[in-house]
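Shared chain: chain A. Partners: chain B in the first complex, chain C in the second.
So, the complex of A and B:
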């Protein structure tokens, strides 16, 4: 299955050229670009691990792409997302966030159901990959 | 219109009998509205032979302290402060016999944080007043001091996006169809297919409550099965607006509590429940970390005609104060009423930090929002994937685009319909961010994306010729070049 978090997950994986253009759009808007990686793709896993600080002071997309290449080299078997942060008053949050690297195989999620009273159900979503410890989930 | 103050003062002001409103102190052309005043702009259409200044003064009087005759008990109060003051009357451009009357109200005329109280004055008795053929509340300036007494949207656009983990593109939704008649089990099927296929939200329609064909509990239980299953199938957060509109507040709270217990992230109410009920639900939603969707059912009965009623821009302002998170605000290109310039005005009211006066969009006043959360506008009604470039160009990215028929009516099925919409959306945002001119190149961008997405191709083929080109009833009175007087 294909995990579809992020702004562009329904499109074919973006090429580096396409990613560069999106980064340029973020920088032109004055947003800080940030790279994060994880091997726990649970939809409520908010805090992916940061690849350094958000790049507040990088002015051109090529610099961000270099960071992305290094991140891919270290964590190419995991999900990597690129997000951009707008510090303007009234927003002060993420403006765009999209996947720039995926594991080769995405086994998907198990939905666990716990039957309660009155047909009420407790649902739990678990990435199948979570069965293994962090770092061993998607092979290398 | 220039006509000096005619206010009678001293002992003569309080002689028993009938006196013209403009002589009682309700027309004060020299009055400078205070920063804390509430200001209303009304479109008045006086009966033949009625002086427009007197009509404006009458509206000020009847929406504040006046009655039809002089009463001595005014003298027990700080009457001059409590009288609303008409201070300006302009002819409406290109509309014979219609006038814009500007009226200022002292803040002490109103109860803090109560839309019911505000509206009981401003649109209370006065709309049935005989000397007027018609009366329309066009816009209001709500001062910071008053805005700060309201909770505002329970969640707001930014936190909604954070909770859903969805950024940088409009959200996608669909209303389950047929709107009436499905059983709970069949209803949940539509929800599951649409969410799995790529939508973020599905939605109950305004008149889905608890009818013989489907008890509300059935709907909630099956919908939450569908939501959770779709989340697991995609790895994305999904939601469905469970409509908790019911006969009493007790019933609504019961339904909303059940939705929360089942883990829903959003509930829905209809405008017809009334302002007090909306404010109660907004407080409930804030307490429960719940997004609150408002369907504006019923609004066209009083917003659509230009000569009588309340403009939707005012309804949108009240809704933002009252505290809903989503509000249907028009599509421009879809099947329902909505001129582009006027709709732009509604969207600004929903989303701005500060809404500037823009007469060409029907916005009569600068409106501060004093850090109240932003409200997500919802575009729904007769829209389809082939219009994606127009929708994004007109409505921006902080909007929920709801394709009901445009999802469920897809020839390859509901999930395919959802996928078509999602791919159309993502390819258009990608292109926009790359700096492409999506208005001009939109159809090409869609056709290009359709090469690798057969559901999008089928959607474009099915609905390529569908447009709704009718003249809008409610359009701005001022041209684009107009400047503030």
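So, the complex of A and C:
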């Protein structure tokens, strides 16, 4: 099951050329571009690891693409997401965030039901990939 | 004489008015090229030259930089090559991105950084680099202090320079043969890799003294083969330096008296013979010191209200007080001008002259 998250999440994965254009847009707006990676695909997982520092003094997207390539080389079997932070006073928040790399196989999520008091049902989802410890989740 | 040379000669409106030329040239051209639009079969080089703004850059170069004839010639040739290459690409002829990495060799103060800035602008206008900014670095910015420090540092700089020009000043310091564990080698390897693989994203310009750069290239054949354009910057002649000085002062709204101009000419002549002579940079420093002396003079004279002319006038004594005139080869520290003897006791300015008694 394909994980969807962030901007463009229901489009097919962006090509490198499209990613470059998005990055250029971010840089032209003066946003700091960040790369993050994780192998815990749960949508509520907000704690992704950062790849290097935020990149805020770069003029051209090729510089960010260079980092993205080296991140893919190291963590090609994980999710990598690119986000851009706008530090303008009053905004100070992430303006765009999308996935730029995903594992080949995404096993999806298990739905768990729990009978509660009376006829109450409690539902929870957990990724199948979560069963293994971090770093071993996607076929290493 | 190259084609571009002729264009420059022909279209130049003579003097300071540079802007109207491109506009004046268009009406006839437009009639010729407007009709066959869909399949491009001909390329009007002259029009390309105007439209890309190459003319503006080259004229600016001619106007702002004094002397440097061979450098200007090389840049014009390079511009012609790039323009033709671009035209070939447009017509679908075989082309490959030309190697644009360059090396600028010459003594200090001969305008390498200034020309690099112009080069970045030129390449940007021709569409060979996307942003046209210049990132100027030295060894310290690229090479780290300990194991594992160099690669991230070098990559950081490369990231910043992407889409523009990376200008490495005194590039030969990157390579230190006397220390085989020097981290410079690591930086060189990363640089070479990016210079080869990302030729579309980045242009690298190496700069430094001619003889040491030659040695550097000898011991790093990788660099030599990846650099297509070697441009040598000659020293300025005395007359050129004098014109540079006058131009610098004019830009700061100062002017020389006739006497001061003569003194300046002999200053330049003497300064050249002394150690640590750095062409235009020495002149700029000398002028800074002259301004300081002028300010002091005005203050000490205390001649009542001063008008703009008095405030912007550099007199002969402001330059004559320089210690350059004291250092006659043969007899040491013999005051040449009567005023300088009096000034000798005053507070000393720090400057490059002072370092060598």
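Everything that follows uses one rule, which is that the second predicted complex is superposed on the first by the 138 of 140 C-alpha atoms of A that agree within 3 Å, B and C clash if a C-alpha of one lies under 4 Å from a C-alpha of the other, contacts with A are read in each partner's own complex, and residues count from 1 in each chain.
Methods note: a contact is a pair of C-beta atoms (placed from the backbone, for glycine too) under 8 Å apart; a residue touches a chain by one contact, two chains touch by 3 or more.
All of these numbers come straight from a predicted model, not from anything done at the bench.
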item: Overlay on chain A: chain C relative to chain B, clash or fit; value: fit
item: Vertex chain A, arms to chain B and chain C (CA centres, degrees, nearest 10); value: 100
item: Which superposed partner A:115 touches (first chain B, second chain C, both, neither); value: neither
item: Partner chain(s) touched by A:41 [first = chain B, second = chain C, both, neither]; value: first
item: Partner with the higher number of touched chain A residues, chain C or chain B; value: B
item: Chain B versus chain C as contact partner of A:55, first or second or both or neither; value: second
item: Which of chain B and chain C A:96 touches, first, second, both or neither; value: first
item: Which superposed partner A:64 touches (first chain B, second chain C, both, neither); value: second
item: Partner chain(s) touched by A:4 [first = chain B, second = chain C, both, neither]; value: first
item: Smallest separation of CA atoms, chain C relative to chain B, angstrom; value: 16
item: Residues of chain B defined as touching chain A within the complex; value: 158, 161-162, 165, 167-169, 198, 221, 224-225, 228-229, 231-237, 261-263, 353, 371, 374, 419, 422-423, 426-427, 429-430, 433-435, 449, 452
item: Residue ranges of chain A in contact with chain C within the complex; value: 52, 55, 57-64, 66-67
item: Touching residues on chain C, where the partner in the complex is chain A; value: 130-131, 133, 152, 155, 158-164, 198, 201-202
item: Residues of chain A touching chain B in the complex; value: 1, 3-5, 7-12, 14, 18, 21-22, 25, 41-44, 46, 83, 89-98, 108-111, 119-121, 123, 125, 127
